[in-house]
Amino acid sequence: MRDINEHTAGEDLIIKTSVRLMVPFIQVFGLYVIVHGHYSPGGGFQGGVILGASFILLALAFGMKASQEYMTVSVNAVFNNLGPAIFVGVGVLCTLFGGLFLDYSALDNLIPLGVVEWRSFGIFLVEVGVGVAVMSIMVLLYWNLSSGGAMDEGL
Amino acid sequence: MNATNLHLFVLVVPLLAALAINLLGRRSRQWIAPLVLGSLAFSVFGSVIIMARVVEYGTLRYTVGNWQPPYGIELVVDPLSALMMVLIAVVALLASFSSLKSVEQELPGREHFFFTLYMILIVGLFGLVLTGDAFNLYVLLEITSITTYGLIAMGKGRAALSSFNYIIMGSIAACFYLLGIGYIYILTGTLNMADIARILPTLNAPVATATAIAFVLVGLWIKMAFFPLHSWLPNAYSQAPTGAGTLIAPLMTKVTVYLMVRVIITMYTPALVFTHEWIARGVVWAASLAIICGSVLALGQKDLRRMLTYIIIAEVGYMVGGIFLANANGLTGSILHIVNDAFMTLCLFLVVAAIIYRQGSVSLVSLRGIFRRMPITMAAFTLGAFAMIGVPPTCGFFSKWYLILGGIDGGHWEFVVALIVSSLINAVLFFRIIELGYFGSLPDGDNQEHAIDERREAPWWMLSPLVLTAVILIVVGLSTGPLVNNVIRLMIPVGF
Amino acid sequence: MIWQIDLMILTLVVVCALVAINTKDLLGATVIFGIYSFLMCLLWAEMGAVDVAFTEATVGAGVSTIFFIAAILRTTRRSKD
Amino acid sequence: MKNLALLATLVTGALLLYGTKDFPAWGDPRDPASTYLSPYYIEKAIEQTHVPNIVTAVLGDYRGYDTMFETVVIYCAGMAVLSVLWRKKEE
Amino acid sequence: MEAIIGEVVAKYNYWIYVVLMMIGFYAMIGKRNLVKKLIGMNIFQTSIILFFVSTGVKKGGGIPIVDKYKALASNIDAATIVNPLPHVLMLTAIVVGVSVTGVALAVLQRIYREYGTLEEDEILEKLQR
Amino acid sequence: MTPIVSIWPLAAILVSLLGALPIILSDRHPNLRESWTILIALVKLMIVASLLPWVLEGGSYVFTIAQVVPGVPIELRVDALGMIFALVASCLWLFTSIYSIGYMRALDEHAQTRYFASFAVAISATIGIAFAGNLLTLYLFYEVLSLSTYPLVTHKQNAEARTSGRKYLTYILGTSIGLVLPAMLITYSIAGTLDFTTGGILAGKASPEILALLVVLFLFGFAKAGLMPFHGWLPAAMVAPTPVSSFLHGVAVVKAGVFAIFRVIFHILGPETLQSADLGSLITYIASVTILVASLIALTQDSMKRRLAYSTIGQLAYMVLGAGMLSAIGMLGGIMHLAMHAFGKITLFFCAGAIYVASKKKNISQMDGLGRRMPITYLAFFIGSLSIIGMPPLGGFISKWNLLLGAVEGDQLVLIVVLLVSSLLNAAYFFPIVYRGFFVPATDGEEEGIKEAPLFCLIPLSVTALVSLALFFFPDTLLRLARMALGS
């Protein structure tokens, strides 16, 4: 059962190299999906999952410790909370500027961009929040599930 | 802060607090208590104001994102949901005092996780009572479920297994609910509850409507552990960490019952749900069975906490039965019992928490002579027990009053008998414990060992909410009249 | 929408579901479940639900399967039914 | 036990199928689901939000409250897993 | 007979969804292996998602992404585009599903740590002892 | 006359309820604690007495505590019937408090604080029952009384006390929840109110079958009245310390049951309604059986307190019998007996306690020759027993005479026989005690050291004996109240 876990560094060069090559592209694609959610399929969730998957791929190929050099546990913790906080924060901000909760058009009072444009931009802001949350949580879930909660060794 | 957004802030503040607890609590435990208590105090304050406003001006409707319903999601604060908000806020605040202490003892190092989940559970409960959208309800139901899974699984030993069973049952429940909503959606094309209530009676689709109602109700019944579907509850509630139990036990089933009331009254309209008299009659029979079985099963338990969980099952029978009596008194009784049972359960679970904090166990054997060691705790326990039995003027009596009256009005004598029998069984259950605690470890009746049991009350941190809850039991009981006239009466649909 | 393809995918989906819950090797079951998710995602894409399909592709067939595999490798592949 | 499960499954399935009796035919553009809310979204979403992907518009704005809680669900899952699997670090 | 066949053909995907739902439901309550229960749960959820997505389908409808400028210039005919609302709902449902799965898998590991097995009957046996 | 809204009825209840607090707080200082007890008893008696004049003039006081159920607030109402009970209870509480001090100290009992505190709560509940303005309020205080007496019954904390406590609760709680509660709700469901109204609230609203059901439910439901077969708790409860037995199980608790039955018959079901449904005989037969059987059992008891307990059961049934006659004179006799029996029986119990304190003897067969050592106690006992039997010139005669008149007036031969036979039986189980005390010489020399009980015990029992005597000569106030209670 544990034979898969016992990979040591340097054994599977092809995987490592290809992962190293792919991960940046995956990440860019993830960002693209988040940002381009307005115009094509995708959005915060999908992009977040893709971003998270890139880190999971790193962890799979190089071990958990290595992946935690790209995103440390404490940074991950901050991201965990930052994501929902962005979403809720945008909502609260709307109420502070005289609108109802999550009524992005109210933010026009903050920076006048135009009511409809603010709606569009508000959706974007919110999607970023979702993306951050989903990415970090997916990584967190993987770390925990694959290490039984210790978050030190991977599969 | 804009006053119209207040009820949203009741929900958002604990949510932000949850995030803050997670972030700051990691660094130092010092942050947790002020954040939890502060945000919940705000919620209590806010919900009381909302309650006052609703009673004065009538139902508040709020459209999130300023999109008119049914296009956007609507939040509806009618007297019933305002009442539930106050209930949740008060119970959560009282429970959190005790939880802070017991979590410190039971789950050192995991306090910030615990309280993050704890606060989000409260947020989810607030959301559930506020929302006027059927799908939003599903999402919030899942929030409360997931947090509850997590909280329960944090317990020791068998807790993980109980939690897993709960996950399976909870998922089935949620899926059933979602299926029912799907059927409703395909028939009406809308998800707004008021809208559904408007459209549904005009449709000519009896079978699909009935299926939808059935699935939503069965989903909720699983969630509230209505009798034949109750098997997950006793293990889950009795093995959860003590701090989680004090919050989950009083609120989860009660809020689910509230949802059932909401679904029946404002989504499906009573006319549709109670079309077939034999169905309502069957549910009342099932409820009577639930009451009797819950009580009898409670008799067989050797642990106070487990015993209480079975009593919860019986109490669910009270409430479901009361609603399906399909008359004004029954419905009033059910809604009143939601409030009363929440406080009664809170009181008893706070007692459990206090005892566990001091002696680690609430098995009946370990309760011998407890009156001498923890007199104040046990005085509160006695009050809670009286409320459960239904001794006036504690609140438990008055909801039972309405329920029995509803049973008499509707000619449901089986329900009346079940209620009375369960009161009697409750009396046996609780006096067994009171007797144990009172007579102590003196099998042969000599009283020489008085001095050995020294007094060891739980810390004030746990004791004061307990005493307060015990007082609330009587206060709520005595204010039944205003409660019914100003709040619950307004919710009884016409034609009842 | 071409109903032949539609029907074929639907049949395959049912077959995958049946195989997934009846495979004795949990790892195998999980992989088949991944295939099931992917077929589902095709189905939805074909029904015009591109966003749902995209999400299912990333979440259901991707991350969810990885979680399953991670958990199974931490525990056991054995299953009696 | 297995028979009971099978029975429950069959009953549920039969009930669900029976319930579809009253449904409009599949894919009918005139069924209530497609004529009540969705035209509003399809016709107004772009005008009101300038987002061509209607799903994103509805997700992020019209039903943004749902989406917020969806994020919270994910967040809860993360925290729940963390707390459930947590063990002391000295292992 | 004709009517029945007509009915079946018109709603065949509801049949499929019910069949999938039954498979999932059976796995959840009938299977003894905990992972199998979870797989069943996921199948159940996807079947519901399939059901919802089906409700949004319009014969000959396009995907709910349109050209912004064309849309602003002239009104879109709602009948040519599939219903986006179920898609939105199901995005949420998928996320909820994966969250529950994640938590369940974590709990599963705790159970394995405790009992060394994932078979329900073996666990119960251990509890008896 | 319109009722006066006044807080004094509530004050009468609260004074002892809140009084329990200083009693608990002065746990460590027995003298202070007992001073509190006496003080509270005095204040309470004064409050109750201050309400008397206005009631005698035909007025009443009301006070609404809380609106709980539509049409049924938690409400206090002081009327003539309630006044009788409240007067008797608060008056006797004072004596009992004094007696308790003597008794408890002489025996050096444990947990005295709990004892006095529970006692205070119990008396509050008793006054609450007396002043209850409707059935719900009465039920409320009835339950409080049941629960607050539980610690008193199980005071000894041994196995016997435990069993008795269990029995006590089973009977009292079981019947009140199982029988009274549904009966009350059925009544409410029919009448829409539970207010005590002269002539009843069910007139013309309920069918005879429902009425019969209600009669049975109420009669047995108020098991504190000890009607057979729900009498078993009373002999069992005699394990309690004697002051408890005397006050609670001679006066407050049992009379609360009878009082509740009175209330139900007079003010809920209504005598006329019952008469027209011909249910009076049902009540009288149940009562008659209880009278005879209880008296016969009393004859066979050797334990002093148990004999008194069975005597109480019999006497309680007299009161129910009076009410069940449904004629003015019979009901008058019932109400009068409630007061007269209270003074007589408490004297007997006080004496039993005094004998126990002085000699540690519980059984009648051991009490030979004690009368010569304790003449005052035995004299008081003699007076009390005469009053219970119904001999002139004692209070009991008045009530029994009225009962007999009622039976004669109603041409109910059976009842006349029952009354006469049971009086003979009463005499048969009381006189031997007195006879043994005075005329049978002590068997051995162990009586040497015995002398009268402490003054704290002796004074109350003498006073109550004298009151029994006095009530024969000055029954006017009571009679007037009783007549007013009957609305004539």
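Per-chain residue numbering starts at 1, and chain names A, B, C, D, E and F are given in the order in which the chains are listed.
Heads up, the rule we're going with is that a contact is a pair of C-beta atoms (placed from the backbone, for glycine too) under 8 Å apart; a residue touches a chain by one contact, two chains touch by 3 or more.
What you see is a predicted model; the values in this text were computed from it and never measured.
Q: In the chain contact graph, what is the shortest path length, in steps, from chain D to chain E?
A: Minimum step count, chain D to chain E: 1.
Q: Give the chains in contact with both chain A and chain B, ordered by label.
A: D, E
Q: Could you work out how many touching-chain steps separate chain B from chain E at minimum?
A: The distance in steps between these two chains is 1.
Q: Comparing the two chain pairs, does A-C have more C-beta contacts than C-D, or is it the other way round?
A: Here the pair linked by more C-beta pairs in contact is A-C.
Q: Relative to the centroid of every protein C-alpha atom displayed, which chain's own C-alpha centroid is closest?
A: Centroid comparison flags B as closest.
Q: Could you work out which chain's C-alpha centre is the most distant one from the centre of chain E?
A: F
Q: Just curious, how far off is chain F from chain E if you go by their C-alpha centres, in Å?
A: Spacing between the chain centres: roughly 70 Å.
Q: Please report how many Å separate the Cα centroid of chain A from that of chain E, as a whole number.
A: Averaging C-alpha atoms per chain gives centres 24 Å apart.
Q: How many angstrom lie between the CA centroids of chain B and chain F, rounded to a whole number?
A: Taking the mean C-alpha position of each chain, the two centres sit 43 Å apart.
Q: Among the residues of chain E, which are close enough to touch at least two other chains?
A: In chain E, residues 12-13, 19, 21, 25-26, 29, 54-57, 59, 61, 64-65, 68, 85-87, 89, 91-92, 95-96, 98-100, 102-103, 105-110 touch at least two other chains, as defined above.
Q: For chain B, which residues are shared contacts with two or more other chains?
A: Within chain B, residues 15, 22, 64-65, 135, 139, 142, 146, 149-150, 153, 160, 163, 179, 185-186, 191 contact more than one other chain.
Q: Which positions in chain F touch two or more other chains at once?
A: Where chain F is concerned, no single residue meets two or more other chains.
Q: Please list, in label order, each pair of chains that touches.
A: A-B, A-C, A-D, A-E, B-D, B-E, B-F, C-D, C-E, D-E
Q: Of all residues in chain B, which touch chain A in the complex?
A: Touch list, chain B to chain A: 1-2, 4-5, 8-9, 12, 15-16, 19-20, 22-23, 26, 62-66.
Q: Report the residues of chain D in contact with chain B in the complex, numbered from low to high.
A: Contact set of chain D toward chain B: 15-16, 18-24, 31-38, 40-41, 61-66, 69-70, 72-73, 75-77, 79-84, 86, 88.
Q: Show me the residue ranges of chain D that touch chain E in the complex, using the header's touch definition.
A: Of all residues in chain D, those touching chain E are 1-2, 5-6, 8-10, 12-13, 16-17, 20, 23, 25-29, 31, 33-34, 37-39, 41-43, 45-47, 50-55, 58-59, 63, 66-67, 70, 73-74, 76-78, 80-81, 84-85.
Q: In their shared complex, at which residues does chain C touch chain E?
A: 1, 6-7, 10, 13-14, 17-18, 20-21, 26, 29-30, 33, 36-37, 40, 43-44, 47-52, 55-56, 59-60, 63-64, 67-68, 70-72, 74-76, 78-81
Q: Within the complex, which stretch of chain E touches chain A?
A: Going through chain E, the ones touching chain A are 65, 68, 91, 95, 102, 105-106, 109, 113.
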